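Take this structure first; my questions come after.
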Amino acid sequence: MNPIHVQLVNLFAAAMLLLAFAMLSQRRILALIHLYALQGLALTASTVTVAWATGQHHLYGSAALTFALKVVVLPWILHRLIRRLSVKWDVETLINIPTMMLVGIVLVVFAFNLALPISDFSRSIARGTLGIALACVLLSFLMMITRSKAVPQVIGFLSMENGLFFAATSATYGMPMVVELGIALDVLVGMVILGVFLFQIREQFDSLDIHHLEKLRED
Amino acid sequence: MDALLLVLAVPLAGGFGLWVLGERDSAPEINAAFSFATFAAAAWLTEDVISTGPVTGFDEQFFVDPLNVFLVALTAFVGLTTSLFSRPYMRTERDKGRMTPARLRLYHSMYQLFMFTMLLALTTNNMGILWVAMEAATLTTVLLVSVYRTPASLEAAWKYFILCGVGIAQALFGTILLYFAAERVLGRQGDALLWTHLDVVKHQLEPAIMSLAFVFLLVGYGTKVGLVPLHNWLPDAHAEGPTPISAVLSGLLLNVALYCVIRCKVLAEGALDSRFAGDMMMGFGLLSTVAAAFFLSRQRDIKRMFAYSSIEHMGLMTFAFGMGGPIANFAGLLHMTVHSLVKSAIFFAVGHAAQKAGTQLMEEIRGLLRVSPRVGWGLMIGTLAILGMPPFGVFASEFLILTTAMREHAWATPLLLLALGVAFAAIFSRVQPMVFGETTLRRLPYQPALTPVFVHLGLALMLGLYIPPYLAAWYQQAAKLLG
Amino acid sequence: MSATLAALDGALAVAAAWFAIGIAGLAAPRSVRFVAWFLFPLSAILGVVLAGVALAGLPGGAQSAILPIGLPGLPFHVRLDALSAFFLVLLGLAGSGVSIFAAGYFRAGEGTAPGVLCLQYHVFLGAMAMVLLADDAYAFMVCWELMALASFFLVTTNHRIREIQRAGFLYLLIAHVGAIGILLCFGLLQANTGDYTFANMRAQHLAPLGASAAFLLALFGFGAKAGIVPLHVWLPEAHPAAPSPVSALMSGVMLKTAIYGMARITFDLLGTPTWWWGVVALAVGLATALFGVVFAAAQVDMKRLLAYSSIENMGLVVVAFGLAIVFRAYAMLPLAALALMAMLYHCLNHAVFKSLLFLATGSVLHATHERSLGKLGGLLRYMPWVAWTALIGVIAAAALPPSNGFVSEWLLLQGFLFTGGLPNPYLRMLVPIFAAGVVLVSALAGYVMVKFFGVIFLGRPREEKLAEANDAGFLERLGLAWLASGCVLLGIFPVAVLELIDPVASELLGRGLAQGGRIGDWLVLAPVSAERASYSPLAMLVVALAVVGLAFVLVRRFYHGRVRRAAPWDCGYPLQTARMQDTAEGFGQPIRQIFEPLFRMKRELPTAFDAAPRYKVTIEDPMWHGIFEPIAAATEALSRIVGFLQRGRIAIYLLYSFLTLVAVLFLAQA
Amino acid sequence: MSLEGVLAQLAAAVAALVLGPLLLGWVNQWRAWLQNRTAPPLTQPLRTLHKLFWKESVMAHGASTLYRLAPYVVFGCMLLASMIVPTLSTNLPLAPAADAIALVGLFALARLFISLAAMDVGTAFGSLGARREMLVGFLAEPAFLMVLFTASLITNSTSLATIVSSLSHRSLAILPSLAFAGVAFTMVSLAENARIPVDNPATHLELTMIHEALVLEYSGRHLALLEWAAALKLFAYSCAGLAIFFPWGIAQANDRTALLFSLPVLVAKLALGGIALAVIETILAKMRIFRVPEFLASAFLLGVLALLVHLLLGA
């Protein structure tokens, strides 16, 4: 196969990781959404590359799906949400950014260590990127932990989904179509439900600060 | 085959049907009718499997073997009884104004869809679909948890959604890795995720990948099982949702999640020649059992308390399946059955009690025996049963688990016994004054539906004293299947 | 053999019939007449039948069967051998008496509906029978816990009273903890064979360490049921809480099932015991006995007093048990048999007289609605039946000749007197101390019983309302008389009884008490040899009666029988009220003084300037504060620590699952 | 049982009935002499009994059947006890019927009845006396039993006849264990028979009396029976003591000549014992009731010590 493709895939992978870090450190909520959209774009791009390189046609389908869902629909929904909920404030994080970066780096190292031994088994051209996918997942996990508002948490959740998809395409050439459809459906429904939720929360607490959601506890 | 189709189609149709019909006075009955149809279909399916052995269908996307057929039957059965219970319960809620017609409509349709997702998860052969179904099960219930729109219920639902969502995401990563491992053996065609195929080739799967995959699957599905320290969503969701939902969450969803875990464990055990998977499950199980026992003794909300008790019992089952071997697996399956029977029965009784008291705070519920003896006895007997008092089935399974543990992991036995003792003291010291003593409660407009309670307890009692041979044979096959 | 087969079937049939009666009670939950005049007498008859059947089965060898219920791998095994037969006899005799009394006792409107009560009561009986018959761990545990459960519901019959709820909870909790101990014990006994039938456990030979652990676990588990210090705390709470027939059944029979369990495991399943087990049992037993009797002397509630006296008696039984172990360990079989006989005989006696006394308190309770000794008195005039039968029970409980209580004490002391032959010098030193302790205990028991009987039945009524007290009804009298006659007969014909129960010893020890089939001749009890010791209650009784009668006749003959009634003299003190009699507290005073360290006392002494001086003393059980409260506190603290896992912050929760993931991944790597 | 056995038994009974009161009189005489008083005649107790029998018995209104029964029971027990203890001969038909333990049991039975009877009338002093009597009893009984155990460990038997015969056969040597036991026995018998220093038989001072408080309400024949029983008790105790510590002179089985001599020997031994008792009662002062437990506890411990000494030294 063509080394160009490998390089391209690795490039997109790097872009995804970079975006993940950017999201981790991003304070502004609108910017977060844009970053998320970009990550989706990178994901689509890498998927397309893989499809193109390997002629796995069903990957085009999943790429289209990804594009539709993660670059168009979800960001749009999020936009509408925050406009309707009029939340444009800065997102303060629970621990300060540099520390988070450091932790993030440690995570990346850890993820690479985990992925290294098994990625050799992959026949995929994108085998090197499994570690990056795992890193993305862990980073978005970290982001969910450290954000104290509802919307950023949701975004973190979604970018975790991105990481998973990236893993699916990089490690294996995508999951079976029926599974991918199911997953996409779930994500979509989940997004809708989340929207409903955010409204409910909003009307209850007239704020989306999840500090309000700490009543149920053992005392 | 047709039975399988029915089992899946009926609740799906029910879900949409009830949504389309909208809220009407007969909706609870329709709901019950659909549940009954599902149960009938499940019975038919069971009958098929007993007579003709395992069934697969829709080019192997679905299959039913002794392991999941009894879970299907159990799920359909508890679903039916719960729908029966929820008739008077929900009517009372409506009269209290806690349920608007819109919410009732949501409740009924989602109830059916929830049943569908669980049955789908149980019957599917495709690990990917399994994941999809589990995620869908979360999505269908999350709105039911928050259906009262109280701050507490919203918070509970939010946590439920986020924590389980994240958990499930990890499970997806695990599934991807599983597929990654599988396609090297089975090739790229779609059946690389079919459990039956994987089961055949499990010994060739790459250990390094499988161990990683199993970790993600365990942590992922384990979140839904409610293993400590992944359990935090569980007490909130159980306590704040409507009681029928607590009953099915505790009695069924946790089972299904555990079912996913053990399916994965079978593959992992096959691929790894170490006891890694089993030990992991034992560790989580033990931790959950002990921690939950100590959580129990601080509870004031009754549904919350029994939610923790569910964590404890799930831990016990996980421990049992972790040990593996015919007896332990048998015990685990038996425990699954009796736990979901008894626990849902308890939630039924608790629901009525809480409605009478108008609160879920235990110190405000007193003297149930005075105001309605049957609820009181139901709660008392159910509690004693769940605490492992003979002659109920819970004791039988706990006896088997403990004795096996004594044999193979003697060190764990004292911990388990400690946990059981603490749990006993904690739960019983709270339930007894609720049942006994003078009362402050009042009567309810609708006659509580207690038949389900006593049917469940009766079955649990029977399982403690006498396990019908075909059921025993069934458990044994399933146990063998789990290795 | 056929006799035994019949016996086993019969016993099972009776147990089944009891369960059936219980169910039948639900048919008419509210009708007292149906339950009282039909079901309870029926179960009394069944009790007699059971006793007869088991007695027939005693001499024959063991006979076992398998029931079609239970776990797939482990169906219920049942087995009737001499040991279980003996305890079945005990159950039948005491049970029938209690049941017939209960028929007259239970009234409507007292707590649980009669039908439900009937169910619980008969499940209790049936479960006890099954415990004695069970021959595998699962069946045993099921019946054991079922027994505890049924009795718990009976204890909480009158559950509107807070104390009774607390008592019930305490009872069930400790029973459960004990059950856990027993389960662990079985786990050790099956020695990793995974086969939980007793037959297999018999076949196993455990390593000394394992065997000792198993023994200690059994002592703990069954001790919790038998009320061994410090696990006795539930007993003085639960017995007073329960309706009197239930207290009678619990104290009279249920405690014995614990002894049965100890004997079964130690002599039957474990094989040859080690000598220091015996020492442990002796020490624990003596401590229990002393503790029980001292606290009994200090009680002011008649049922609590009896409860503590039960603790004392169980202590004595355990002492005998320990002695038997010591002798068995040194293969001194005749003496082991002697001690074992003492143990069994005392179980039988205690079953009879303690049930009798509890029933008597029941009648008093019904007649006066009063449990506090300070408000009773002089009932001998108003309820002669109860009083005189109770007197028999009191004499037995005080272990005085010619009652049955004396026989077992006599046997026990005989056992102690022949320890000179023990090879172990320390034991030779130790055992006489125990003997002294036992003697002290039984003497104190006399003190307690005088207090019990004197304060309740003698003197002048301390309250006016007592004058309206009526004697027990017909059925109650029947029950009382049945048990009282039991006390007398067991006391007068020890030889016959011992020869009947001798097979137990020959089964457990391989050698009975009887040499050449006889234990002394028909009249004189001489367990070892006529020169060493002999006792003939019948002869004593006859002579004593002759002397008394003769004295009576002669006095009348030579002098006169004139009697003049007058006000009591009392050293000529002019003003005498019933309140000037010695109170229960007063009776307890010397004991409190002598054994002060044992008590946890709160005294309120009036000052010299008190307008209305009142002296108040409350005594509490030190074990409670010393052992149980710390445990509770520890649990509380632990749960508080665990509670920190659930602090409500979703971020923290996510962190948990994140860390878990990372940790498990690390493990997976390693 | 042989004819002479029966005869010996009857003789023992008669001897007890007569000698008991006489012993009491004898002790009183000596006490009087030792205290420089003119003594009552030896037969004074018998006369008192006779007088009491003639008097009608006055009974409190509340008194029940138990109250009337008790004196006979107590009397019966005491007579039986003094028939069991080998006084003249060891060849007693009743010997196998009751051994040392049964003897103690008999005393306890009598104590139970007398205490209950005292409580029956429901007077302050009656119940007070009952409590004190039981207090003394539950401490004295074990001590007495310990003494008997020492003897029976030495002789490997608890049957009194065997004890006596085997003790009388051994050569005259002071056994340390028996010495301890002797002291313990003395203390116990002082307490049990309501003698100084535990109780003063001559007092009616309300707050100190024990025995007198028990029989306070009795009069006439019932009182007579009780007093006689008390005398029998003293006799039985003395004989038991003598039989254990000075067993010589008691006739063995089918030894007719010895049977003839045994009575004078017994009388002599009793006379000496009575004097000793009188001396003790004269030189000791009565102790406060609260001190009694300590006194008896030490007696109990001495008994246990005797037991241990025997096991330790084998003697």
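First chain written, first letter: the chains are A, B, C and D, and each begins at residue 1.
Assume contacts are C-beta pairs under 8 Å (C-beta built on N, C-alpha and C of every residue); 3 or more make two chains touch, one makes a residue touch a chain.
These numbers were taken from a predicted model, which means no experiment stands behind them.
K.L.:
Using the touch definition up top, find the fewest steps from chain B to chain D.
P.N.:
The least step count works out to 2.
K.L.:
Going by the contact rule set out at the top, which chains touch both chain C and chain D?
P.N.:
Of all the chains present, none is in contact with both chain C and chain D.
K.L.:
If I average the CA coordinates per chain, which chain comes out farthest from chain B?
P.N.:
D
K.L.:
Counting contact pairs per chain pair, which pair wins?
P.N.:
Pair with the most C-beta pairs in contact: C-D.
K.L.:
Chain A to chain C: how many Å between their CA centres?
P.N.:
70
K.L.:
Measuring centre to centre with CA averages, how many angstrom lie between chain A and chain B?
P.N.:
Result: the chain centres lie 31 Å from each other.
K.L.:
With chain centres defined as C-alpha means, what is the inter-centre distance between chain A and chain D in Å?
P.N.:
102
K.L.:
How many angstrom lie between the CA centroids of chain B and chain C, rounded to a whole number?
P.N.:
Averaging C-alpha atoms per chain gives centres 44 Å apart.
K.L.:
Do you know which chain D residues sit against two or more other chains?
P.N.:
Within chain D, no residue contacts more than one other chain.
K.L.:
Where in chain B do residues touch two or more other chains at once?
P.N.:
If we look for residues of chain B contacting two or more partner chains, we find 158-159, 162, 166, 170, 212, 235, 295, 298.
K.L.:
Provide the list of chain A residues touching at least two other chains, using ranges where the numbers run on.
P.N.:
Answer for chain A, listing residues that touch two or more other chains: 114, 141, 144, 153, 210, 213-216, 218.
K.L.:
If I apply the definition of touch given earlier, which pairs of chains qualify?
P.N.:
In this structure, the chains touch in these pairs: A-B, A-C, B-C, C-D.
K.L.:
How about chain A: which of its residues touch chain B in the complex?
P.N.:
The contact residues of chain A facing chain B are 114, 117-118, 121-123, 134, 137, 141, 144, 150, 153, 157, 160-161, 164, 167-168, 171-173, 175-179, 182-183, 185-186, 189-190, 193-194, 196-197, 200-201, 204-205, 210, 212-216, 218.
K.L.:
For chain C, which residues are in contact with chain B within the complex?
P.N.:
Interface residues on the chain C side: 68-73, 137-138, 141-146, 149, 156, 159-160, 162, 165, 168-169, 172-173, 176-177, 180, 183-184, 186-188, 190, 192, 194, 196, 635-636, 638-643, 645-646, 650, 653-654, 656-657, 660-661, 664-665, 667-668.
K.L.:
Mind listing the chain B positions that touch chain A in their complex?
P.N.:
Per the touch definition, chain B meets chain A at residues 61, 126, 128-129, 131-132, 135-136, 139, 142-143, 146, 149, 151-152, 154-159, 161-162, 165-166, 169-170, 172-173, 175-177, 179-181, 183-184, 188, 190, 192-193, 206, 208-209, 212, 235-236, 239-240, 295, 298.
K.L.:
Across the complex, what residues on chain C touch chain A?
P.N.:
Residues 643-651, 654-655, 658, 661-662, 665, 669 of chain C touch chain A in their complex.
K.L.:
Can you tell me which positions in chain D touch chain C when the two form their complex?
P.N.:
My answer: residues 53-54, 56-64, 66, 68, 72-73, 75-77, 79-80, 83, 94, 96-99, 101-102, 105-106, 108-109, 111-112, 115-116, 119-128, 130-131, 134-135, 137-139, 141-142, 145-146, 149, 152-153, 156-159, 162, 204, 206, 216-217, 220-221, 225, 290, 293, 297, 300, 303-304, 307-308, 311-312.
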